[in-house]
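Reviewing the structure listed below.
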Amino acid sequence: MSREYTSSEMMTVTAARALENGMTCFVGIGLPSEAANLARLTHAPDVVLIYESGTLQTKPDVLPLSIGDGELCDSALTTVSVPEMFRYWLQGGKVSVGFLGTAQIDRYANLNTTLIGDYHDPKVRLPGGGGAPEIATNAGEVFITLKHSKRAFVKDVDFITTLGFGRDGKGRDGVPNIGRGPTRVITDLCVMKPDPETKELVVVSLHPGVSREDVIDATGWEIRFADTLEATPEPGARELEVLRDLKARTDRKHAGE
Amino acid sequence: MADFLSLHDAVARYVEDGATVAMEGFTHLIPFAAGHEVIRQGKRDLTLIRMTPDLVYDQLIGAGCAKKVIFSWGGNPGVGSLHRLRDAVEKGWPHKVEILEHSHAAMACAFEAGAAGLPLAVLRGYVGSELPNVNDQIKFIECPFTGERLAAVPSVRPDVSIVHAQKADRAGNVLVEGIIGVQKEAVLAAKHSIVTVEEIVDDLTAEPDYHPNACIIPGWAISAVAVAEKGAYPSYTHGYYPRDNRFYKEWDAIARDRDAFRQWLDENVHQQVANPAGGKA
Amino acid sequence: MADFLSLHDAVARYVEDGATVAMEGFTHLIPFAAGHEVIRQGKRDLTLIRMTPDLVYDQLIGAGCAKKVIFSWGGNPGVGSLHRLRDAVEKGWPHKVEILEHSHAAMACAFEAGAAGLPLAVLRGYVGSELPNVNDQIKFIECPFTGERLAAVPSVRPDVSIVHAQKADRAGNVLVEGIIGVQKEAVLAAKHSIVTVEEIVDDLTAEPDYHPNACIIPGWAISAVAVAEKGAYPSYTHGYYPRDNRFYKEWDAIARDRDAFRQWLDENVHQQVANPAGGKA
Amino acid sequence: MSREYTSSEMMTVTAARALENGMTCFVGIGLPSEAANLARLTHAPDVVLIYESGTLQTKPDVLPLSIGDGELCDSALTTVSVPEMFRYWLQGGKVSVGFLGTAQIDRYANLNTTLIGDYHDPKVRLPGGGGAPEIATNAGEVFITLKHSKRAFVKDVDFITTLGFGRDGKGRDGVPNIGRGPTRVITDLCVMKPDPETKELVVVSLHPGVSREDVIDATGWEIRFADTLEATPEPGARELEVLRDLKARTDRKHAGE
């Protein structure tokens, strides 16, 4: 078992570690799903995973390609209708953390999955909001994970599909019955958290081998660093083994279908 | 009671040019066979409602059936873009398509409200999102008890809803099982409904896996039932066949290219009258 | 995750004097054992919410636990009046009880809205009824899309909800089956919840009659699970024992008379600590 | 098999005949339930019976004592939650006829099941609204059945729990998305229908052996009779046999429980 690992693995393991055992996690497809299942298969066996397809407390053996793969239903405690999922479980306050990916994110952790360019004359149409707009406001808090790049990390998103802290960092102030919003952003380079006052994202931890310059170069605004910048712990041997097994199982399953 | 029709006749009877149509199924049970029949019959100017347009609407849009698409997440799940949807929105091919986009929560609530016969759905939604800037159907109301500002969207009330399900019985009652999505809501919210099924059984309540709280839609709440074996392929039918994730990945290349798409459509939809499920069954 | 507690400890921990309590179960699965435990512990000044107060609230009211009752149909089903409820409302015995009454539709929607975390429920209700004249919690709003006048009621958000169900598993997940009423909504709408069950099994998903869309409430959405065999008697538990319709008829004579009621309560509730289900099991 | 029958049987059979095969009927407990099941067991085998407990398309072998007896679930096509029943099935417009009983009814077919006397100082507390207020407005039409008496048939109900046509007969005028309201009232003496113009209840049919005076004496207002007053057909032999069997089965079942 080698302790060598890729930056993607570093990202996934770090994202997984953000989840605590017993949390109830509304899982986005893709990277969040990979991280959430790694958490479940390692340090957080009782983390409750909920997917917007209505599958409650699911324990997939392989990662789903879509948000509604049969594997999610087959391994769930129970499967409810989609209106019930959004009304009773998300809006009803049963989700402690929403785990999201995104196409664009800005310094106030606002997310854009709608489009690049002008709404009525888009350069690139992205898929749209999906569950994110209400996950971000109705879950207790939000974790975000995505690869670090200047295209993705922009000063101001072209469109706020999903609220982080608004255009001025004050988007949640005085709003009743709203979650805490993004509490951490996990990339392949670092971990960021919103400044307690201004809500601007601040790098709090650098992954092994990553320099401040690497982060600065991959971020579309003048990124700030915490005064006491931590070093993200390396992935453990077991985490890497479980993650690689999971991905290999997944690849075999999807290729065979 | 539901009429038992061929898929051809059900679509011919209930899907009119210009109609508002919801084909639902949340990743699971997507009514591809019915969608292909709509393409074959050359329906035009449809307003297509679906939370996740998925490949089925990508195909309908590329085939020129859509005037407008109402949706909340328009990607190829786990793969990337819906290139036919993007080509229509970004380049106007084969013609310009209008879009109206919501969040999942709002659309799910709008289906629920449609089934409940209400004109609107109320939710704690769209807080801080810019979607209300570009969708004039999103409004806000004030709770008369707490003063809280809540989002309101019009309910979904399609002219016709089309869903796929596991089985119907001889009275036209339909069992939906597994990821049930908004299938029941889509059927109940619509003026007319078509349900395609994998098979017909004698009596759902006499089936060995009958459960008193299963999601069963009574035949008298459905307009037409049509048998379409593998009718959800390349999506899946819980208990019958799995999702063809490989095809979903292959679709990316097919849909990126207009000619490749036209060729696929010709071979797999237009020339497949005898096999309404299309695709590689 | 739900704590596994004795019924005594669950009631002692979560039902406080002055609390707002919903004990639900629509004819089926009425949590009598838990209601009797509340009586035995002498809880006072409770605001009791139930669509159909039924015998369980007749008993709680007669025992002096209730300050206020919120309900939508307060009879002994198929038999007649709830005499303890009437005696409290009409004669103030054992003390005056305030009532707030709704229709079933409004209460069902209010439970649904409570589960959905909303402050209000919107329905097409109370048209032409004089209930809004005597219940200031019924308001009307205007649909921002159609202008239609619709009723609005505050959602139900109890301090504690108590329901009975068939079984729980070792993780505290609970199966409710048959007439499921507003049980799930009551649990999800409440700050705390107690579920009494007939039995504990190892794993609900491994049970032979498991169904993917069964009404299962996850253990992490429940505060406490307590075993109470025959805990719904004289109502019933689908799959376990039938409704004792004869007892429902006999209750009429017992409840008509204050002394007969006191004697029944003494013999069947206060002296039944060892048999929390009470009644003639 | 005797063709002699009681006035109660006459009422039940007449009420049953009002239901047509294929109707979707939201059934109130008691007399409506008896009539609806008699219809199902005789001329209307495909009448769909729905009870507010969530039991859809139920075919009980014995009459339920309560609206939620196990028999209703055991013999149903499926059983849904109570919120779904009221939202999707009743308010959603899937019910063609609501079949109701009542304690008091007035000349405009308004129903009172709330109380006799003053609301804040009641002479008699009745059970309350239950499902009736919304059944009466959201179903396509409403049938009402109850025994005829001056106590029950009053000029003005003490309290309108459930709308017939309002205090002035105009309660449904101009209201959007509302059903036709009460279209017939079946008692043990006669059948009444609302006047097409004024909406006041008018006797349209007298049961065999019942005189106008009998109805006048049992009605708390100056009851009108239709110009062409019909004679309600007698119960048929099979109807009486099926009804008596049903009631005997029911009595045996409930006594044995």
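Just so it is clear, A, B, C and D label the chains in written order, and each chain counts residues from 1 on its own.
Everything that follows uses one rule, which is that a residue touches a chain if its C-beta (ideal position, glycine included) is under 8 Å from a C-beta of that chain, and two chains touch if they have at least 3 such contacts.
Predicted, not measured: the structure shown is a model, and the values here were computed from it.
The chains in contact with subunit A as well as with subunit B are C.
Steps from subunit A to subunit D, taking the shortest chain of touch contacts, total 2. Centre-to-centre separation between subunit B and subunit D, using Cα means, comes to 40 Å. A separation of 28 Å divides the Cα centre of subunit C from that of subunit D. Along subunit D, residues 73, 79-80, 87, 91, 138, 177 each make contact with two or more other chains.
Among the residues of subunit C, those in touch with two or more other chains are 112, 117-118, 123-124, 146, 148, 178, 180, 184-185, 212-215, 238.
Pairwise, the chains that touch each other are A-B, A-C, B-C, B-D, C-D.
Of all residues in subunit C, only 117-120, 122-124, 137, 139, 141, 143-146, 148, 150, 152, 154, 177-178, 180, 209, 211-215, 238 touch subunit B in the complex they form. Across the interface of their complex, subunit B is touched by residues 22, 24, 46, 48, 56-57, 73-74, 76-80, 87-88, 91-94, 138, 177 of subunit D. The residues of subunit C lying in touch with subunit A in their complex are 1, 112, 115-118, 173, 184-185, 188-189, 204-205, 212-216, 218, 220-221.
Contact residues of subunit A toward subunit B in the complex are 29-30, 52-55, 64-70, 72-73, 79-83, 85-87, 90-91, 110, 114, 119, 122-134, 137-138, 159-163, 166, 171-172, 175-178, 254-255, 257.
Listing the residues of subunit C that touch subunit D in their complex gives 26-28, 51-52, 71-75, 77-79, 81-82, 85-86, 89-90, 101-106, 108-109, 111-112, 123-131, 133-134, 146, 148, 178-182, 184-185, 215, 236, 238, 242-246, 248-249.
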